[in-house]
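Some structures are shown below for you to check.
Across the two complexes that follow, chain A remains constant while its partner is chain B and subsequently chain C.
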Partner chain A sequence: MTALTNAQRARQRLAEQKAQVSEARIAALAPAPQAGWSAEARADALSRLRAEGLPHPRDEYWKYTRPESLTQAEAPAAAIFTTDEKGIFDAIDRVNVVFVDGVFSEELSSDLALEGVSIERLAETTSDIHWASGLYGKLEKAGQDPVARPLAALNTYAATDGLLIRVTAKATKPVALQYVHNSETSDAMLHHVVKLEEGADLTLLENGPAAARFNKVMEVDVADGASFHHIRAQGRDHERRAVTHIFARLGTESTFKSFTMTVNGVLTRNEVVVEFTGNDAVAHVAGAAVGDGDFHHDDTVFITHDAVNCESRQVFKKVLKNGARGVFQGKILVKPDAQKTDGYQISQSLLLDDDSQFLAKPELEIYADDVACSHGSTSGAIDDDAMFYLRSRGVPEHEAQDLLVIAFLASAMEEIEDETLRDIMLGRITEWLERRRG
Partner chain B sequence: MLEIKNLHVKLEEEDKQILKGVNLTVEPGKVHAIMGPNGSGKSTLSYVLSGKDGYEVTEGEATLGGVSLLDMEAEERAAAGLFLAFQYPVEIPGVGNMTFLRTAVNAQRKARGEEEMSAADFLKAVREKAKFLKIDGDMMKRSVNVGFSGGEKKRNEILQMAMLEPKMCILDETDSGLDVDAMKLVSEGVNQLRSPDRGFLVITHYQRLLDHIKPDVVHIMANGRIVKTGGPELALEVENNGYADILAEVE
Partner chain C sequence: MTKMDTPEDIRGPEVKEGVDQETVDAVRNVSTYKYGWDTEIEMDYAPMGLNEDIVRLISAKNEEPEWMTDWRLQAYRRWLEKEEPSWAMVDYPEIDFQKQYYYARPKSMEVKPKSLDEVDPKLLETYQKLGIPLKEQMILAGVEAPEAPEGEEEAPRRVAVDAVFDSVSVGTTFQKELKEAGVIFCSISEAIREHPELVKKYLGSVVPVSDNFYATLNSAVFSDGSFVYVPPGVRCPMELSTYFRINAENTGQFERTLIIADKGSYVSYLEGCTAPQRDTAQLHAAVVEIIIEEDAEVKYSTVQNWFPGDENGKGGIYNFVTKRADCRGDRAKVMWTQVETGSAVTWKYPSCILRGDDAQGEFYSIAIANNFQQADTGTKMIHLGKNTKSRIVSKGISAGRAQNTYRGLVSVHPKAKNARNYTQCDSLLIGDKCGAHTVPYIEVKNNSSRVEHEATTSKVDDDQLFYCRSRGMDEEEAVALVVNGFCKDVLQALPMEFAMEAQQLVAISLEGSVG
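Take a look at the complex of A and B:
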């Protein structure tokens, strides 16, 4: 028997620890369906999960965000935040689908019929054949390379429900997913599959805190010439935790736009993985996050250009105070044949005090020669000169600060194309600022 | 109106005395000019009066209409009627020029216990004043001073002054960076605001501006003090001979 080196021993120990955590997590789950169209994908995900192990603090990809509370067997409890505030999308004419702590509520949901859109529930489609079998766990699996995303594999394996949405035309109104948090210990896992056929168009809205701990995957296949718009508001509950993944595959001349607003939440990790497979497509991924105190928000984005003349754009802004932490890991990978790629990435944080922190890892990896890619990352305080200028015109300090915060977020908010939705989002951020006036 | 008595100011962060006993009184309806070499403390005086952080008043006082300015926040001084046209107007990306102006007007009204200006009245007033200063609609829609030329920034300062209707206006090198036409435009904007109950303190390097905005009194500032005060002819003397003679004379 040859003696192990220290490094080998350390690696082995790490692998053992990861296996232990993973097995404990798997054991705590309700068993996944052994039959039906998703069984194979679930079994495949389980074996991938076992091979990789759940994230560990020593993993490079989890350097800035501690994964323990997301990987441990039991969900840490989260107090339910009560407010008489109306649902953020209540004023929008929409098909509303409600999940309470991850459980579909027929009573609270509207009728799922919508012209050109078929909406089914994952938990209810148990036949052996389904269109979603070509996507479920497939885009997620493709998105595991070159960086592993074990929490997404866990989700593919164990998701208890979710929506299977197939869009064949331009939807006449948005589909809204509303996630209600009602139990202090709920641990929810939902998996959605959205398939936009050629030329189809859908706006998907999501909002709400969902559960004490929420693990959500959404796989989106945007066929040639189709458009997908995604607007999300993550709930205000201070103690909730969430890890979400979006895996999107874009066809020729397709459009994918995703915007997320996050207000509060003790821990959020939003991963977005986009792959361009057809030429002349566009993907915008943007977010505005505001956090105060015990708030950790992580945006992790990976965009792969594997087609000609595609445009990707990432715009992420965070406002952090009282020790809140922001993380951004964003990568643009341009493959050798992805000529005429236009890739843009900006991540910025406004730190309202010295205790708050922004950690960023922007990356470009480019193998094609005819591309225009740029990235930038900054963190800074409120500009004193701008502050004095505003005050010298009579604007009180707190009002001046709010104006400057909103101004800072503006370029992210502008990524919301729909003006009504943008105003709704801005209104919520303004209210957040007003609540925090000392 | 504005009364400055024996004002001594040092930098907060370092032991550097910048103003060393400034005395100055501007009466309502009058235009006072301050001239002086670079670094003599002119901008510092304007900043200290308007409440910028980073300075410490070690001695003396400054009052506006009998009320002490130095204990007030910057926004309170503005509401009390003080206005500074900045030497270097600040760019504020993301804050629309129109929004900014409206917020400022209404904040001051609120501070004084007055009613807010209606959207219609506000728009009407802005349009009229902007037109006079040749500020187009596009400039009002853009972010405050972002992408403005030097002249546009200065005209924007005068527009703010016109909308806020202050009692006491301080103009810090409003002429710098302006061509002849822009200078005329800005001066006309200022002259329109001259009134028996409004005072002006015009800081400038050049006689040029004072050809357009006729001062009643001219002060020469050097090394943190007003070293000489006279009539409009003092500005001409500076224009012809520079500061050397005057400084030698007061030494």
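Take a look at the complex of A and C:
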């Protein structure tokens, strides 16, 4: 039979559509910096991007999140959100690096010198040889299988700046990345590479809305015995759109902990891809999201166990209101020889009204027998009994609701190991809830 | 009947002891697949391959009216435009749909027998071997309930059977008694001839002609299957059962089951399947449609024991099944229970559309995959009506080099206020070469509903094994016992005689998986 069937024609049309969108996006990109050492990785990413095409609503992992506003050539305009709030990490002694609409600001940033940590900028390292060439685009590429992440390939190809952080010892203070949104049409693309040498330890903080549209990739290589802590606050800017990827590779007895708090934002997709390559390592990925109104938040997490006796933990909580949508797609993949794996995953959402939605796909794919893996997912409204109890004790309804929301988020917040940081995050979320109550 | 399903009744002390012994015997059984023989019966085949003429031929052989032939042809044309789905976690060589026989019937059936007495005795012998009480007089021990529990009627439980051999229904028992109750239970080909108004109204109304690749293929070429209609307010006086057997080589079996439970009625339906041992893979693509009106209830239980292929993964049945129940009326209720132990490849998602308010759907499943078997099975619970409830309990067991996947959807629509779902999927791994996977989709679109999903994956607990071993059991017995315990929640949901068979099957299916 030479005539094509409907299904074949549909597939061909889809491929054509994807190619069209991808080419339009590529054509509209800001010029990447003089490449140097990253040229090869960028060229490779471009060919992978062209082969795969940008995400389409028909793609399995874009079922619940519409990718159009992330893939279209021009960033949709986003009004700038002004607030009198102080920066969330202002009280912390830190090395502060500021990007305004994706452009490094020397004026706003602090001195980049920190003992045991070397911090360079991607846009400034254009020589032919650099340590980051072993990681840039490499972990991203490894994370494309079995599920393609074309927006990350796009980033590797076209990132205009980012930090290359190499940690050789226990850092004495955190490195903070602050993203300022200052232009209604900015379209920022940053790519960070973090390399933790054996036994090194770093806490990385991130906050701010970044740009009207923000595409960020962070590749993290955690060597044997090293620890990486990542705390992120995605602020209250209503109209921003963001797609972020973290690709982490964990060595023996290493630790990786990442926590993200998100409040509002018309579209956020946070992907975290973790691969255990050394035994006895630990990875925790957690998130708390509160959305009110035009809010779409998507957590997509892939954990691959390819080593013995590793522990992974995913804890994601979402509070949704006024038509807000929460998405969770999480997977624990245990490869054949990854015995003694302990995998845990929980995704829960609290729906505060009838217009909100929760869409979840918590997956397990397990090829080893001596493992303990579990996942849970729940969705529901505030417990009437709990509410009644608080009201009967004289707590006003709004306050009672906030208390129950905080209680619901607590187990995710507890994933923040550092008490000071946990209190800051908790304080901020309480403050935001109070403001909303007005 | 419902009372019989309670745990106390099934697992009463006397029964339990007997069952354990049987399980143990089953484990000792040398043959892995005891239904692997074939019956030498002269067959009448349609030519190999598939085209419009074959579709017309099948229709003509069944003496179907023109509207049915057109319906099939329309399905066939749609099928040509469709592609085999590839999203399931099953991997098998490409199926050449032109290298299959789409119709095979025992020669002796060419002239329709007037009664069971005229049926080829070899056929009846086949069913006898399978333990099917085809003849009304033959109520085998396993089928008749041993003793009705106290307070229940003393009458022994009887089961009406429709047996389908390759493509053709060979006989339906208890016709007279069912007729008195007003229940129609016959083969679907007979229903097309005798009750066209019912078939026209309901066929394809739950699983549309072009629902998916395999359902479309089935719509074009289904050769027989069962038809049940339970009139308003009638409680079907006995359990209805269909037994499917694929006998001929290289034939696909495509049966179609249509069950209609009218307002306020109740029926419990059992389905069992076996096939002989063959080197080449055989195709099976069935469609089951259930329509449940207001206040009606349907229980559908399956023990699927198609030939799973040998221990090297050779042969076996490719089982692609579309099963769906539509709870159209308020308070309609459906319960799917399945024990999937056979087939080389299983692709099956019995679903519930909970359309009426207060409708209920339940899904209990045991899927066992051993050697090179692959099972991708689960359910869909579509909550459309208010206060709808669903419950999913899935137990997956993988051994050898098998892959076992639970794939399910729980969808709560914005208008389905106060819906409730509870899902539990547990996987058990026996051996380090197999895989167990869970792929649930959860979509909640209002806040008055509560949806809970839980899943665990673990291996057979060493302490439990040690305990059994220290009591003198050998390793296989111990594993069988632990696995039976793991499956308990689902086994209890099965009608009694099926529960017994299922327990044995669990043990047999896992043979050779330890040590």
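Assorted remarks:
As a convention for this text, the second predicted complex is superposed on the first by the 431 of 438 C-alpha atoms of A that agree within 3 Å, B and C clash if a C-alpha of one lies under 4 Å from a C-alpha of the other, contacts with A are read in each partner's own complex, and residues count from 1 in each chain.
Going forward, contacts are C-beta pairs under 8 Å (C-beta built on N, C-alpha and C of every residue); 3 or more make two chains touch, one makes a residue touch a chain.
Worth saying up front: this structure is predicted, and the values here are computed from it rather than measured.
Annotation for the three-chain superposition on chain A: chain B and chain C fit side by side.
Once the two complexes are overlaid on the shared chain, A:L351 sits against chain C while remaining clear of chain B. After overlaying the two complexes on the shared chain, residue contacts for A:P396 are found with chain B alone; chain C is out of touch. When the two complexes are overlaid on their common chain A, residue A:F388 makes contact with chain B while staying clear of chain C. Aligning the two complexes via chain A yields an angle of 70° at the C-alpha centre of chain A, spanning the centres of chain B and chain C, rounded to a multiple of 10. Which of chain B and chain C touches more residues of chain A: that partner is C.
Legend: residue contacts after superposition of the two complexes on their common chain; A:F408 is shown touching chain B, with no touch to chain C.
Within the superposed three-chain model, A:D111 lies out of touch with both chain B and chain C [touch as defined at top]. Of the two partner chains, neither chain B nor chain C is touched by A:E124. Across the superposed structures, the minimum distance from chain B to chain C, using CA atoms, reads 14 Å. According to the touch criterion, chain A has no shared surface contacted by chain B in one complex and chain C in the other. Listing the residues of chain A that touch chain B in their complex gives 383-386, 388-397, 399-400, 403-404, 406-411. Considering their complex, residues 80-83, 87, 414, 417, 427, 429-459 of chain C touch chain A.
Residues of chain A touching chain C in their complex: 5-8, 60, 336, 339, 349, 351-381. For chain B in complex with chain A, the touching residues are 50-53, 73-75, 77-79, 83-84, 86, 89-95, 99-100, 103-104, 107-108, 111, 143-144, 160, 164.
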